[in-house]
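Some structures to go through are shown next.
Look at the two complexes coming up: chain A is in both, with chain B in one and chain C in the other.
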Partner chain A sequence: MSLRRNMARQRNIGIVALIFASVIFILPFVYIFLMAVKTKQEAALFLFSWPQQWQFWQNLVDVVKTRNYMLLLAYFNSTVITVGAVAMLVIFGAMVGYVLQRRPSGWNRVIYGCILIGLMVPPAVVPTIWVLQGLGLFKSIYGMILIQVAYGLAFSVLLYRSFISTIPRDLDEAAIIDGATPWQVFFRVILPLLKPVTVTLIVVQSIAIFNDFTNPLYYLPGKENVTVQLTLFNFQSQFQSQFNLLFMNILLVTIPPLLVFIFFNRQIVAGMTAGAVKG
Partner chain B sequence: MVQSTASVILRDIRKSFGAMEVIKGIDLVVEAGEFCVFVGPSGCGKSTLLRLISGLEETTSGVIEIGGRDVTDAEPSARGIAMVFQSYALYPHLTVRDNIGFGLSLAKLPKDTIRAKVAAAAEALQLTPLLDRKPKALSGGQRQRVAIGRAIVRDPQVFLFDEPLSNLDAALRAQMRIELSDLHRKLGATMIYVTHDQVEAMTMADKIVVLNGGRIEQVGSPMELYNAPVSPFVAGFIGSPKMNLYDGKAAGEACATYGIRPEHLRLTADSPRWTGTVRHVERLGADTIVYLDVPGLGEMVVRADGEQFPRVGSSCGVAPLPGREFRFGPAA
Partner chain C sequence: MKRRSPYPYWFVLPAAVVFVTLFLLPTVASFWFSLTRWDLFDAEFIGWDNYRQFFREPFLVQGLVNTLIYAFVTSGAKTVLGLLLAVLLTGGIWMQGFLRSVVFFPVLVSTIGVGITFAALMHPTKGVINLGLGLVGLHGPAWLSDPALALYSVALIDIWKGVGLATLIYIAGLAAISSEYYEASRIDGATRWQQFWRVTVPLVRPATVTVVTLSLISGLRSFDVIWATTRGGPGFSSDVLASVIYKQYQAGFYGLATAGNVILFLLITIIILPLTWWFNKREIDL
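This part shows the complex of A and B:
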């Protein structure tokens, strides 16, 4: 009797939580979508209303064509930055984490200190620009990739290091006896076992880097260097009154990270909970 | 599937971790084709010694020769050895087939050769139906066999085992002991086997090396160690139940330590050497293990035959079999 009442209560709480979550997470999406398909005049009213006239295709073409297909260039740039930076974060994060965990030395404390500093101290923009200029990397995609790697590396090293500590050292030694070189131990035994963390890291970092607005704004000025988030910035100044196009642009920019998330969703949850070596 | 085999010679091997010396000068010859077992209490350096032979650990000083070749500074893979770990250390992301063939694929052997060798090893170890499984879908005994298969395909001259059976239950352990002995006979390779289980040492070894605190206490065949232990330590380590060891003076002998094995004592009523109170009796069927409290000596374990059941609390006389007593060291 009380058990059944308990279950009913639990279900009700669940339903309320679900409704609450959908309001928070779905409504903004719906709003963006509705704004994106409205006409210019209707969008200017900022109402949460059903569009009187659907202009989906028209708005889409307008946004893509704007400024000589700038959005496509931005997609390209952002993709290059994201793929490049995430690849380096995965490889270097795993390598540093591996060496740090497996080879204790007097330097470990120093390296740890650096990693924690990298995690806690906020980066200063102007000196970073000086450094980039000195290296000849300012306003270049490569410079931007390195910046993203520098900002994300501390986190990925910590993540990898703690995961690698759950991989028994016997595995390394078995591989060494089997004749593996240190590189082969890493790439053929350790790295494959890190897949759960790697997936998590890829998702988290690629969404963050793809969606990054401020860093490209500081470090990557120039029309040919535009990234997706900066297209919003350009639109807003150019189409002061064309909010329908602005929202269409937001919609387009939001889709790739959403796809990544939906695609990897299950592995992320698995990755958060899994140990490296099961029973 | 007879393999090449090689002797292992250690000359004054020492190993320190920081300031702590763990292996304190070991000289040992393991003949080609021998099954050599390292035994000793926990922390005496058995694993460390094995890892020195494998090359996973570098010696602080001393020389290691395998097959007449000085391998002291050689890479593990260049020593002609294979190792089976206590945890099996199977690669979790690879199938049984790839686990066994991993070393061969690193050596860039042709695919056909690898497949043939893996198939042969799997056949010998009855792993053929499991070749496409991942390690997590195997039982403990099957994992053990995969680990052995991974060692076999490399055609090593010397096999190294570090407590390979300690994760198995008693029945499986007994079975694997027999399988390992069979394997040794079939391959003819040198095997060095670490254990702290004296039953494994007695049943499988050609030669037992008893280690104590980083030194060799005694080397010999199982029966040599049983019949002629050089020290109370070895005497207490080999044989089950343990040898009864007493202070020489308390036992009325002119030696530092007096020892007598439980199986060399008999319960007797006429002219016993000692008389004690029965504290506990274990009936094993074929024998009965009797635990006595002997005044002045302490506990005494007697292995009597299965027909004798002294009552707990009763008083019992005990006499040693002549010629089976051990006297260690001069009297203090």
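This part shows the complex of A and C:
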């Protein structure tokens, strides 16, 4: 009796929550989609309404063609930056996390200090531009990749360090006795075992770097260097009267994270809550 | 003979080179450049002039005040709403998994896209929000174009986008609380309300520490949402330190922009370090 009443109650709360969540969290996305498929005139009304005339394909083609296929270039640049930076974050981060966890020494305090600084301190933008210019890396994709590595390292090292502590040292020692060099122990024995946390790191950092707006704005100016988030920002002024195209562009940048979210939900949750329980 | 460690320090080297050159070096250099008039090539030492200017110009001071308001409003709201949503979404309600995903998804979406979408939704006359309020007989405000309201409207967008992360962290924190505490308190006759305040809130503390720290840091550094919606306007009413820094940089005042950066750095340190210390101290007391 009471159990059934309790279940009915849970169900009712669920329905109410579902309605609220739909209005607050889902409707904005529905709105993006509806605006993206409308005609120019209809989109200018800003209404939350069913499109009188569907123009999905044409809007898509128009957005892609804008400014001489700028969006395609932007997707290419963003992909290169994301893949390059994440690859380095995985290797460099795992190497530091490994030594940090396995070899206690006075240097560890220095490394922990750097991690704290890296997580907390806002980057000093203009002096960074000055350094990049000195190295010939300002306005260059390579410079942008290294910046993303520098800013993402702290999180990467922390994630790897805590995971490596669950891998028994016996494995390292067995490999060493078999005559493996430190290089071989790490790349042949340890790194393959880090796969679960590596997948988490790849997913979380990819989304962060792909969505990054501020850093390309500062360090990667120039038409040929445009990234996905910057096209959106540039089109904001260009499409003042073409909100259908602006929202089609928003739809296009929303789909990659949606796909990643559907396929890697578990890894994202693991990455985002790392350290939440232990503090 | 001393055996060489199988964990050589040169493993740290690649990471250290990148981090020191592109993060530590600019941070250290910022203290010097903030004391200069600077065009990226020549720096002329001018003492504390940049800082004096920062605290004398009313719009720069307003940027500082706005940063604090923005950070505390968004962080407070994310903490409270995140905990409430997490409690709701761990209670075994219908469609729980789906609801968790729905609340969390905005975290992964482009901030610029979210900003543009909400700028349309918050349009004073044509926007969906005000039309919706009109349906129930309310007169909606000019969210982003009213100088008295703009900062809070942007904060609202930020909360919408970020509350999912707080909820997720709290869900992980709640899962770590043993159900025995709830059973024991129920046998002792505690109400749901008492359980929430006496069991959930104290035991979910590690998650609270994470949520408060993370959201305060990101709130103090916030730039994207503001730049995508108001660009600090109308006037300077929604400018924060990060947007002031960008505007001074665009105008070519590199020394002044760097001084703004140092002020932001000090502000975060002054707020976060004592907070972390206080959180850790309380932990030992427990």
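Please note the rule applied: the second predicted complex is superposed on the first by the 250 of 279 C-alpha atoms of A that agree within 3 Å, B and C clash if a C-alpha of one lies under 4 Å from a C-alpha of the other, contacts with A are read in each partner's own complex, and residues count from 1 in each chain.
In this text, a residue touches a chain if its C-beta (ideal position, glycine included) is under 8 Å from a C-beta of that chain, and two chains touch if they have at least 3 such contacts.
Note that this is a predicted model, so its numbers are computed, not measured.
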Fit or clash - chain C, chain B, common chain A: fit
Chain B versus chain C as contact partner of A:Pro168, first or second or both or neither: first
Superposition-derived angle with apex at the Cα centre of chain A and sides reaching chain B and chain C, degrees in steps of 10: 100
Of chain C and chain B, partner touching more chain A residues: C
Touching partner for A:Ala150 - first (chain B), second (chain C), both, neither: second
Partner chain in contact with A:Phe213 - chain B first, chain C second, else both or neither: second
Partner chain in contact with A:Pro221 - chain B first, chain C second, else both or neither: neither
Partner chain(s) touched by A:Trp107 [first = chain B, second = chain C, both, neither]: second
Partner chain in contact with A:Leu193 - chain B first, chain C second, else both or neither: first
Touching partner for A:Gly136 - first (chain B), second (chain C), both, neither: neither
First (chain B), second (chain C), both or neither touched by A:Gln184: first
Touching partner for A:Ile176 - first (chain B), second (chain C), both, neither: both
Distance in angstrom between the closest Cα atoms of chain C and chain B, superposition on A: 5
Common ground on chain A, meaning residues reached by chain C in one complex and by chain B in the other: 176, 276-279
Touch list for chain A against partner chain B, complex: 168, 170-171, 173-180, 184, 188-189, 192-193, 195, 276-279
In the complex, chain C residues that touch chain A: 5-9, 11-12, 14-16, 18-19, 21-27, 29-30, 33, 38, 40, 88-89, 91-96, 98-99, 101-103, 105-114, 116-118, 120-121, 123, 126-128, 131, 160, 165, 168-169, 171-173, 176, 205-207, 209-210, 217, 220-221, 223-224, 227-228, 242, 245-246, 249, 254, 257-258, 261-262, 264-265, 268-269, 272, 279, 283
Residues of chain B touching chain A in the complex: 54, 56, 76-77, 81-83, 85-87, 89-93, 102-103, 106-107, 136, 150, 154
Contacting residues of chain A [partner chain C, same complex]: 10-11, 13-15, 17-18, 21-22, 24-26, 28-29, 31-32, 35, 45-48, 88, 91-93, 95-96, 98-100, 102-103, 107, 111, 114, 117-133, 135, 146-147, 149-151, 153, 157, 172, 176, 182, 185-186, 207, 211, 213-214, 217-218, 228-229, 232-233, 236, 243, 246-247, 250, 253-254, 257-258, 260-261, 265, 268-269, 272-273, 275-279
